[in-house]
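Encoded as structure tokens, the structure appears first; notes follow it.
Order as written gives the chain letters A, B and C; numbering starts at 1 within each chain.
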Amino acid sequence: MSSTAKADILARLRQRTHTSPPPERDFSVLEARQWTPAERIERFRQHLESVQGEVIRTTESELNQAILDRLSRSHVRRLLLGRNSPFQAGLAAAKSGDLELHVYDQPIETWQSELFNEIEAALTTTLGGIAETGSLILWPTPDEPRLMSLVPPMHLAVLRVDQLHDTLLQVVREQRWSQGMPTNALLISGPSKTADIEQTLVFGAHGPRELVVFLVDESGSGA
Amino acid sequence: MTDTHGAVPFHPNVRTALDNPQIRGNFRRAMDGLMDKRRLAFDDWELDKLRTLGSAVRLNALHHLPELLEQLDTRCRANGIQVHWARDGDEACALITDICRRRNARSVIKGKSMVSEEMELNHHLEQADIEALESDLGEYIVQMAEETPSHIIMPAIHKNTREISDLMHDKTGTEPSLDARYLTASARAQLRERFMNADVGISGVNFAVADSGTLCLVENEGNGRLTTTVPPCHIAVTGIEKVVPSLDDVAPLLALLTRSATGQPITTYFNMISGPRQPDEQDGPEEVHLVLVDNGRSEVYQDEELAETLKCIRCGACMNHCPVYTRVGGHAYGTTYPGPIGKILMPQLMGLDQTPDFPSASSLCGACGEVCPVRIPIPQLLVRLRQESVDGDSLHPAHVKGHGVKRGRLEPWIWRGWAWMHRSPALYRLGTALAARFRRLTPSRLGGWTDYRRAPRPAATTLHQAIKARRTHRRPS
Amino acid sequence: MTDSIKMYPPKPDRVYLFGTCLIDIFYPEAGLAALSLLEREGIDVHFPDDQTCCGQPAYTSGRMDEARDVARRQLDLFPEPWPILVPSGSCGGMIAKHYPHLFEGTDDAARAEDIAARTFELTDFLLNVCHVRLEDKGEPVQVAMHTSCSARREMGLAEVGPQLLGQLSGVTLKEQAHAAECCGFGGSFAVRHPEVSGAMVQDKVAALSETGVQHFVTSDCGCLMNIDGCAQKQGAKLRGEHLLSFLWQRTREDRTHD
């Protein structure tokens, strides 16, 4: 049945006679949005903070401690990491006794209720960031599944400053997204929120209430 | 709910809405806030250029619509997404019900989708004994109240906090509270369970990308991501007009959409779905379906001027800026899409005979056209639909479904008389001179006009007469 | 906010005046004020006696045949290449923006394009072509201004009225809340949807009154008739006047003898 629906719809659409050619698409208004590295960091931070995202500037060598400090400030006891997480060894070595590190290495079906009810925070990598809107780019993988950045009340993400781009358009083009996308890709720009009750902005709707970005600066000028 | 048997009772609805000071207050406040936020959000943009690009992107996509739909179909299938086509809402509902049945689904969780409202999907699922729960907070509230959305972006904008608190208390036992945080947390807790147990998640689509086979969803709450990630089966429903060639095209549309809608540079989540869970993945739905719904769009597509309607990206800015919508609210329209976009889209989807008062319910103030991010010439299309309503143009015969509904018996003669008088300068001068001469006889009641205003009275002399007198007076000097 | 860049000609010696039917019947003094203001700038004003109406009432009612019928007669009125001045954003917009659409594909298309291209809203012309310098001779007064939607959005003239008023030393311009919002006139809209239109104009009267002024000006007679008529019906103190009448009255030489 649906193959005839397809044929019918396409046939009807093809009946239209075009009287004008398709217009030119001039992307220059987007392409013109470029910033210096310092402006990019500032813009990213401002945007994220304006929606209650937290940006912690740090360096490679201080990253683990910065993460642990932040977790202990919120009394997080159960942290979720991806499989083969680059942070696992360092955190395990430096952590204090009451922080449990959980690894997402099982299909969701086997531990859904634990993920939904017990995990307090998740730490993920990012593919980069977008200065224009204060967004993180995440491409979930088998090692770092989709729900990590969605279900736990706190999402911590590590972003390196040299991965900070100007605009979404720039990323899409430079990384050739059109050539192939993962099953799921995301831009995340703050903790989840809603204003559906009389326009009152509330953070922590169905996703995380807190989003903490560790902005890692190789040059060591951070923190 | 849309009444498909009788025409939409716009006038009675309007009167009810205008008599309700709370509705007027709620909408005025909310719309004022949204207008300010939008203005600020475009502060550092060359907005005219961006809107021109947005329009060009949508026009280009529409120009290639059949090819793009085929490409989308092919790419999605290659990515493992099952693609279905539906000629109308009923067919789409049947398709979706079938998928649910096949999976023995009892419980469906839904993300926000205006197309599903358009085809009354929840109602269909209910009849098949499948429970569909809305998860967007606004939709959740509206569903609980057994109402329909009053705004396409903020479905529960007609309700204030107290009403929502009372409703949640009645229906879910939430403690009464005027704290939006508390109410939101309570809804979150209730819905978490439902997400975990849902058999199917149904969502809308903001942009469907043909070359990569990607479905893009824009949202703030995270309910959309849960809907499309947690249940084992995800069904995405979209109108056929939402397809664009590539992710490049999405960038300007996204920039325009969130800023126009709520004044945000971007929403919390921009979710791009290009396939079901792969064998090595730990989460995600094992089945992803895409349902492409026509439901009248291919008809709208036939006329190049009217097809501009299909450029719409459903940002809601036109209603936020509409002085009519601001006063009567979304429910007065009685259709899925209210406000200016509703006034041009619904007559085309449902027929002018079903929505006879829509094209005229505008002062043509142009606020909608001025803010529309994709430059839909809404006022011009309203005039076009007025013409279709009265079969008013012999050079461009009307063809929208239900055209001629407002032709009237007497009206054509009045207009013919009007044209006759204004076509003949002598007659016109005589008529206006008589109006001036007998100005004291001007009726003091002129229909609806004088319910709110004094009747205007002609001046003692017309401008024609005054200028003539001036010339004669001046000539000697 | 219009996107096309407007091109203004140098100040001409002669112009056409298209008075509009509302001014003709209800506000002739505004038409005379227009004439006087232009003549004071040394411009010779031609008022074609055969003018009637731009056709807008029929056009916005979807009666394209009748609109074209009446509009076509107006196309005959302006044989010389002089600018055509219209003391109304709405009627000016009809000619400048909608005539080309109305006559598209007809034998009159080229004429309609030509006439559209040399049609100007009159206050815009005074400010941006004549570069008037107004010398205020009146008592200090506070006024508010309502810019019509066609003047504001279709013609892009939101700044024109306030700039002209700004030249008058004795006039203080007060801005009302929701200044850019429609007054609810909309021609047939006021008749077909009286409740909504009525709610809109009542809000407009309230907003103007809240500024504390007793006078408002506007350069469109539809809005004037609507807002002023509502204020009168309500017994409000607020009274309206066409901007051109106001400008002329404040600046005319023989003002003190009036």
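FYI, contacts are C-beta pairs under 8 Å (C-beta built on N, C-alpha and C of every residue); 3 or more make two chains touch, one makes a residue touch a chain.
This is a predicted model, so every value here is computed, not measured.
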Chain located farthest away, centre of chain C as origin (C-alpha)
A
If I average the Cα coordinates per chain and compare with the overall Cα mean, which chain comes out closest?
B
Centroid of chain A to centroid of chain C, CA atoms only: how many Å?
53
The distance between the C-alpha centres of chain A and chain B, rounded to whole Å, is 30
Within chain B, the set of residues that touch 2 or more other chains is 52
Can you name the residues of chain A that touch chain B in the complex?
1-3, 5-6, 8-10, 12-16, 18-30, 32, 47, 51, 104-108, 112-113, 116, 132-135, 142, 145-147, 150-151, 167-169, 172-173, 177-200, 202, 204-208
Touch list for chain B against partner chain A, complex
26, 29-30, 33, 45-46, 49-50, 52-53, 55-57, 59-60, 63-66, 69-70, 73, 79, 84-87, 91, 95, 135-138, 141, 154-157, 159-161, 164, 180-181, 183-185, 188, 191-192, 195-196, 211-214, 220-223, 225-226, 229-230, 240, 246-252, 254-255, 262, 264-278, 280-284, 292, 294, 298-299, 301-302, 304, 307
Residue numbers of chain B touching chain C in their complex, please.
11, 14-15, 18, 24, 48, 52, 323-324, 327-328, 357, 359-367, 369-370, 380, 383-390, 392-396, 406, 415-416, 418-419, 421-423, 425, 428-429, 432, 435-436, 447-459, 461-468, 470
Using the touch rule from the top, collect the residues of chain C that touch chain B in their complex.
1, 3, 19, 21, 23-29, 31-32, 35, 47, 49-53, 55, 57-66, 68-70, 73, 101, 105-106, 149-150, 152-154, 180-182, 184-203, 225-226, 229-230, 232-233
